[in-house]
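Both of the next two complexes hold chain A, though its partner changes from chain B to chain C.
And now, the complex of A and B:
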């Protein structure tokens, strides 16, 4: 929602961050209300947060279909444009075309995957600033970001402080 | 120190805390000392030799491909080694081998060799004889072989770089947040808005899986296409479906060997002893033993068919790549046989004889020595294949009619070899100044997932597998 604000509790270790998540739930926040920032991957759901399934495979699949189609059309078009019968084989010799189709399928799938990583990870984030951030995250600290309405921010801050957050970072208004 | 149920124990071989890890990998290892400056300067200057060698080669003519035989040897040797290293890392990552975590970065950084391989591949395309009159994969297609070969090379190189970039993203964010100077500026541009959200990590994990799978498939196919177009089809009568697989496997073998040697050098010269421990050398030595057995297996499978069949064109292929010209009564004066001895001796027999002993396998020096031996054997092997195949000037026919003389290497070949290796080393060291030789996020995760627990009278390592 447009009037939602971000607030982040910075935790020094896993145990206190997990406690922070528990405190947030006790305070009435759901797993959709907060996200976790970490400097290294944790098992999914380690802090009770909701992790949306990513759609990266859609990019890879779309790329592979496009690459396959382009390769098929390209090889078929060039071979029919310059028809040379080799060894009694058909003009459109599938075994020889397979290699080109394989290459192009993989090439486009790879390019689309990279585009997918950039787009899905919001690198860069369109429309300006991302969520609140603290550079201690890349030092091994854990950030719990609560996204909620302004009137519930106090409640979230209390929950995070009660769990032992070292610091509270607010979104600059 | 790591707390485990109230017992405070030190994890052997790893820095004590997350902060120490950050200090060592993010600050200390990114400092460019005088030794690193010298290495960068020397490798940078020597890189120029590669291009000088290339110009000298073209100046001496490009119409006769047989004079480029040692250029092909050098090219396919460097290509096989450098593009094979990321395979070792990607394969182990997919197998969820926890011990490989500190070594992933030093292996994956070799993907940076891709652009150099691509540049030096262009002369191969220009000089290789056309496919008319030769057996080929391409059914006389007008765009072959340059179009499919260049697409394949671009695919492999770009996939390697994409995999490297995705793998680097979290560490680039660390350098963005805590680095200094030029490294920080570069990391800020490359890491963009990486914050480490759960969805970003989820995509990161999927992307490494998908791109890793693409690299493996591209690697296998590139070896198929290149080994067929630039070795097999140059020799009339050489029809060997096992050869591309042999080519790909020996590339991984040589890549693993170079990775072990790199780990040893980083341990000795770079102060990375904490990260490249006995566990890593032991792990890779077992892989190296398996790959050395594969060397023999693939070679034998191909050889036995030719040896049993004994048709004239098959005997010629055996003579070209293994025994040398039967007209020469002394086998030891046949260069082909000496190349073969060097290849199989250094790539299979010596590694097997050394690595079969656990005491050697489970050491740091043992696998390193075997790594050096395999790198020598790999060079003999590529020389056996490419110096001979590129010396054949006969086009067409059912079989090789005579065993050709091998053109000796020239100074320009030496320049190309020194230049190619130096330019890859230069790029490798240069990129390491931004992201280091050891992955911060992977090592940090390993630290988080590994505990040492009291067990009996000693301690055991307990590794948590998150999935």
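And now, the complex of A and C:
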């Protein structure tokens, strides 16, 4: 939604930030309307936030299939491209192929997992940390970001201040 | 139970980030020994490249001397780093927090160091490039995938790539922390590395899942890499190398030396970077207990290797075993190896008081690594000298000064790279240290207060 604006309340501790989330809900905002910024992980739901499901496993699984397929094609194609019979054995050396397929399956699964984490974390952000951010977040402060229409920003600010927000950071227009 | 300090986020930032924002004397002094070793190695490699491989005295059939012994040793050390970190993550062990990153970074630097050895061993390192690129596709000639010398680089590259990705992704929140605490060019660089990290619950949740998923993926790689390194030997037809027990024997040996190296690293980190608030005696106690099990498993495989050789009753096999046990200098090496890897440290580690004595744990971990380095020598050299009956060609391997300098330099290189890494990124993950504080909850039992850990709630959303 193009006309939505961000507003962040900066809280000094967990209790006031949790109170801020309660005040926002009392003011009619839902858990989809705000997000939390912290300098370290907190137990899920500590601030009443709603974390949408991720599809990280899809990335890992796709990577493993792709890696397996590439390794299979590579090992099979290279052996058939230059077919030398050694010791009367078949051209395709299955046990040796398995070793390479095993490694490539895991390699691609790992690469895709990292791509998945970055993608699902909505990174990289070309604009840096976003329209509203406060460097005190990594000092232990907690930020509650409300994303809403301009006419409701006042209401959100009142709720955050009532809960004890030390600062309010507004998105520059 | 040791008293655990309650730390504030600001205090954690200050205590873990000082090496990044300042360069104190203790950090500078720590650079001196590894740099001296490293310079010796650079000089040795320069002479080797200029004069050629003959300066090492390596000759048929014992071409695999100190370089390959050291290569296998560092591959082994690299194992425990990611292994210990992955196991602790998967089991969600609370004491993992100060150890994981240093262990994972040690994996990367050990792997890089080990990879240098075959390159140096080539004598004319630039010729390696002919083997790698440009490959002769025009004639349809490809690497022979039946060769363990092809499996080996593929496995090591997989492990190195996985470990680098593992470390980098777990570093993103700390890059953001340094970005937020700095100004100017440093802010710009760390800002790029942080990829715009903000610290939303979704990002933190994904970091948690990533740690578990990546651990589950990298553990099978860790087992395969040292198995494949062992197949460099076991797939050959050299007597005493051609044994089926080599893969698990190498893996457990790698874990033994690697976990001991993690112990050495923990003690050094605590002393150099003043990490007493993060690396406690409890950590040394826990790693010590783990090492008792690992060392005993290693001893079992050590005897199993003999059992496999004796069972075949092949003269060639028995000749190598006889040399390992009774001929100078291998008899002395065998005795030193068993004493330093097992007989001295294990009875000591059985005592809780020793496990919580950091200087003693440091020195016993050094002993284990001396023993485990000798173990690689014990496995490789007596067999490759081919001193058996009806042999066409045999030799007496004597390590040269050049090789010895390269071996010493490898220790210097890993130390140097770790110290350099610590100049740019905290060796203990700051966000994990803070998470540990958040999840900690002291619980009163009668008259004692014990540290407890809050885990996930039953309900998906307590609100």
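Everything below uses one rule, namely that the second predicted complex is superposed on the first by the 157 of 173 C-alpha atoms of A that agree within 3 Å, B and C clash if a C-alpha of one lies under 4 Å from a C-alpha of the other, contacts with A are read in each partner's own complex, and residues count from 1 in each chain.
The rule is simple: contacts are C-beta pairs under 8 Å (C-beta built on N, C-alpha and C of every residue); 3 or more make two chains touch, one makes a residue touch a chain.
Just so it is clear, the model here is predicted, and its values are computed rather than measured.
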Partner chain(s) touched by A:79 [first = chain B, second = chain C, both, neither]: both
Contacts of A:131 with chain B and chain C, given as first, second, both or neither: first
Touched partner set for A:48, first chain B, second chain C, both or neither: second
Touching partner for A:37 - first (chain B), second (chain C), both, neither: both
Touched partner set for A:23, first chain B, second chain C, both or neither: neither
Contacts of A:148 with chain B and chain C, given as first, second, both or neither: neither
Intersection of the chain A residues that touch chain B with those that touch chain C: 14, 35-44, 49, 51-52, 54, 56-57, 60, 75, 78-79, 82, 86, 93, 96, 99-100, 102-104, 106-107, 109-111, 113-114, 117, 120-125, 130, 133, 135, 137-140
Complex contact set, residues of chain A against chain C: 14, 31, 35-45, 47-52, 54, 56-57, 60, 75, 78-79, 81-82, 86, 93, 96-97, 99-100, 102-104, 106-107, 109-111, 113-114, 117-118, 120-130, 133, 135, 137-140
Sites on chain C touched by chain A in the complex: 8-10, 13, 140-143, 145-146, 150-151, 154-155, 157-158, 161-162, 165-166, 168-169, 172-173, 176-177, 180-181, 191, 195-210, 213-214, 217-218, 220-221, 224, 228, 431-432, 434-435, 438-439, 454, 456-457, 460-463
Chain A-touching residues of chain B, taken from the complex the two chains share: 18-19, 21-22, 137-143, 147-148, 151-152, 154-155, 158-159, 162, 165-166, 169-170, 173-174, 176-178, 191-207, 210-211, 214, 217-218, 221, 224-225, 441-442, 444-445, 448, 466-467
Chain A residues touching chain B - in the complex, by the definition given at the top: 14, 35-44, 49, 51-54, 56-57, 60, 75, 78-79, 82, 84, 86-87, 89, 93, 96, 99-100, 102-104, 106-107, 109-111, 113-114, 116-117, 120-125, 130-131, 133, 135, 137-140, 145
